[in-house]
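What follows is chain A paired twice: with chain B in the first complex and chain C in the second.
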Partner chain A sequence: MPSNMNNYFALVKKQYKFKLKAYVSVFNSLIILQLLAILFSFNPTSSRGFGGYGVDASLNNYSANISIVFTFLWGFITAFIITTKAYREDDFTFVSNNQSQGMANILYLLTISFIGGITAILSGYLYHVMFYFTTNTSEIYTQTMTLTELFIAIVATSLFILFCCALGYLAGILVQLHKIFGIILPVVFIGLLMFNGISGGDSFLAKTFFFYFQEGNLVIFILKITITSSLLFLLSISLFRNKEARV
Partner chain B sequence: MNVVEINNLSKVYQRNKALDKLSLTIKTNTITGVIGRNGAGKTTLLKLIAGYLKESTGEINVFSKRPFNNLIVSSQSVFIDDNMYFPESLTLEELLIEGERFYENWDKAFAKALFDYFSFDPRAIHDHLSKGRQSTFNMIFGLSTRAPLTIFDEPTTGMDVSVRKDFYRVLLKDYLAYPRTILLSSHHLDEIEHLLENVLLIDQGRHLLHLPIDDLKEYAVGMTGEKTKVEELIQGKQIIYKENTDSNMMFVVMKRNIDPQVLKQVGISVKPIRPSDLCVYLTKDSKGGIDDALKYE
Partner chain C sequence: MISYIVMLILIMAGIIALFLIFFRYISSKIMPGARHRWLLIGYVTILLLAFGISYTIPGNEIDKNDRLKIVHDQDIPNLYAVPEFTGSIDIAQDYLTDEWTFDFDEETLHLEIFGEDMLNNIAIETTKEKQTIDVNLYVTPSILNNIDFTTGSLPKTDVTLHDNVLTVETPSRNHVEVSQLQKPFPVRQFTESNYLNVDIEPGFSVSEEVDDTSVDSPYIDMDGGRIFSTELLYLKVPANVKVTGTEDMNIFFID
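Presenting the complex of A and B:
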């Protein structure tokens, strides 16, 4: 049924475009969070002072990485929010079913992951510029990236955001299926975090974290993230296949 | 051709049975009024037809397809009520543009004409409108889709009298100009009687009557007379409603099958029963009236 498939993809595309317009506030929150992150970044991450022989010197390390961390959380929360009733039911006012809605949501999250990744990395440069004009430090040493490194940084960050989106989306779907997950998920997550603290960083959570975040090979990293995210999305869509609208 | 075919359909929410073995068919290009009391199952039925809800047991086909989660049914039908969700970030004008993108039969000129007639601000946000204005906008949206199956669930909630009148008029004119299948639920049959071709009366999840409106007008008569005489007359016959209006007077509603001449001779007065009253009598609880529930001194 090729014509049916064409219709299906045409519809997913319409829904995707609709979401780009309708969920525009998602980008407002991104901008606010990244500006906030830059503000926080004016606190040095580490600081050392030297003195003697009539010279006083201090070495402060600054990092805009907090912007990237914020963007991860932003991805998670955005994905969670678009599973909630108000967002979900919009689609059914127009033309939709659960699968086409899921596909359009994934395309949307993919898009915002890359927008988030690009802006998060570039906000580092904005930070450099702001830092240069607002502080009167005599010497600023910056870690510079080549164009290739910049590209890799953007791809890697975007994929991490996508991964966060996939997790947030699944969490959202579970909570929408049953409210009890609204309690279970945070308890399990915070519980694992605490357990990780007690067990000295050798827990399930830590191992999972290292499995994804410590991967040195770019290709394997991309594979790990895309396969895991795809599986998470697939699970979300199949869990939601019998979800009723307008209940 | 039938647009909707329903066979033994039941829908159960957690504990409560909203629809109980309902069977009916809706013919193509007709206007059907879905009538029933609060909680009769009207909305559940309409949402099942729209493909929003999943049937518990039984069979439902819309355009010969099972509607739940079906894209063809979704694209060929529209469901309008006072709880429609629209994104808060889009203006009314943008919502109409989106409607045009999603519905292939969308009539842009018609939408614009109604939008201007009801003097909507193109930049207004749906959520910020009053209830009645929201209903009015939803109505414009629903009619503009020209969807082959157009479902209105209590569409006039919050509308003032003149908007309601306008709505019914537009609905009828547009239906005549562009025939389609319309389902319209309401508990005010009086108001929509003149539009309808068929009436579907449901009560407690079951279907009581599904008749052309003209048949419904002729369906029953009300008779008032001396208690003894009336009781004699109705003996062994199925009656719809019975009430003692006085210590020795009685009012009964029953199917029209008695010769009025006979009644005149025994002093029983006969009056026609309006469809809306008939629906009330048919769906009345057997508990007695509100007067019996509350005992005032």
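Presenting the complex of A and C:
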């Protein structure tokens, strides 16, 4: 391997390690968000009721999905925030360029995605324990996960977070490229939402949502998320490569 | 639906963004760097402890709990169709919930049914062997997501005989409330088909209840993971006794 490549990877590694140490505070907000989500989860996510001879039945479903959704949002916002000038300034502690910064950022986002994924799924167990000891309902049935399912849950959640990070990172980069994107992106997104409402759910947004969230094959799902996230990151790096030259 | 969800997520994202900015500001003021790492390590330790404890909480396993059953289509007899299709009640024997026997020496038997619940599905078998009225009540369970809401919760039905009037008083309904902790959606996505719609409650009514029962089988088909209970009052009466009821009763005579 050429020595300049070695230097490049060494630099990326150094920046990555620096980010892991310097940005450790992002996990504080993750912890608070997941704990808040657990509190919100004490309301049933859905209730079904029906009657039969002699019995009126109601089934209240609970889950810790809010914790997972909050972690997705945390990933998106964290990725967005690390593209801001205040964070980018930190990278100039090293002799670096935008490309090595981008690579280090991606590695950092990859790491926090997996930490986020693991804690999001484990927070479901914390919720389970709290629910068991605090709820008065006499009959609680728990759909426990097998170890394989636990593994699937962590992988899938981590990949979803990575996808959110990739989106957040691209959005952040676009806004850093030109402030006008700070207006364009929300307008486009809200416009898509409105169009989705008008078209009765058969819109680009709905199709995109189902493309990822209705994929039942884990391997295809991993491919979909990995390829999309890679493309988003690649686009972000390409866009930002020649953004500025710091003197 | 999707718009609504995404709009909610958008609002939540805004709140979380504000929260993150505020939290970053506060934590930089009050918390030195090393403590951040310890906070994360402490949190992960708590999560791992909870993971361990959750497996010590009494589980609800199939076979160990009366309420939990794995039920498929056509597992449970449809008591509205059983006597007509099979000419007997044999396949519903597991669902006999109560029985009464009365000596009877009249020539007509009049049925009266009242109470909170409807019980108008009646089958009558005539017998020459004895001068008694045998009343058997069959009820199949109400099942939702493999949870049986009826077994162990069915209130008592009163049946009395005065002169030639057999009176059945259906019970007030018991309210059975069950909480279910579901698996997180990233698992359900790969283990359940159509998991996104599973929480949407389809409208249902008495007429749908009738529609859901299969017309060419004495067994019930599931409707969105749900099986409605069916009930049957099965009478064995002496062959010389004439049985009368009211108009709303659906009486079926078994030869």
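Definition applied: the second predicted complex is superposed on the first by the 230 of 247 C-alpha atoms of A that agree within 3 Å, B and C clash if a C-alpha of one lies under 4 Å from a C-alpha of the other, contacts with A are read in each partner's own complex, and residues count from 1 in each chain.
One rule holds for everything that comes next: contacts are C-beta pairs under 8 Å (C-beta built on N, C-alpha and C of every residue); 3 or more make two chains touch, one makes a residue touch a chain.
Bear in mind the structure is a predicted one, so any value in this text is a computation, not a measurement.
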Decide which partner touches more residues of chain A, taking chain B and chain C as the two options.
C
Looking at A:I222, would you say it contacts chain B, chain C, both, or neither? Reply first, second, both or neither.
neither
Under the stated touch criterion, which partner chain does A:A206 make contact with: chain B (first), chain C (second), both, or neither?
second
Kindly classify A:L185 by the partners it touches after superposition: chain B alone (first), chain C alone (second), both, or neither?
neither
So in the superposed three-chain picture, is A:L234 touching just chain B, just chain C, both, or none of them (first/second/both/neither)?
neither
Once the structures are superposed on A, label A:S25 by its partner contacts, choosing first (chain B), second (chain C), both or neither.
both
For A:L177 in the superposed arrangement: first (chain B), second (chain C), both or neither?
neither
So which positions on chain A get touched by both chain B and chain C?
21, 24-25
Show me the residue ranges of chain C that touch chain A in the complex, using the header's touch definition.
1-3, 6-7, 9-10, 12-13, 16-17, 19-20, 23-24, 27-28, 31, 33, 36-37, 39-40, 43-44, 46-48, 50-51, 53-55, 57, 59-60, 65, 67-68, 117, 119, 139, 141-142, 144-145, 147, 149-150, 153-155, 157, 170-171, 173-187, 189-191, 193, 196, 199, 201, 204, 226, 228-231
Listed in rising order, chain A residues that touch chain C in their complex are 21, 24-25, 27-29, 31-33, 44-48, 50-65, 68-70, 73-74, 76-78, 80-81, 118-119, 121-126, 128-129, 131-132, 135, 137, 139-145, 149, 152-153, 156-157, 160, 189-190, 193-194, 196-197, 201, 205-206, 209-210, 213-218, 221
Enumerate the contact residues on chain B facing chain A in the complex.
47, 51-54, 68-71, 74-75, 79, 83-87, 89-90, 94, 98-99, 101-103
Using the touch definition from the top, list the residues of chain A that touch chain B in their complex.
7-8, 11, 14, 17-18, 21-25, 85-87, 89-90, 92-100, 241-242, 244-247
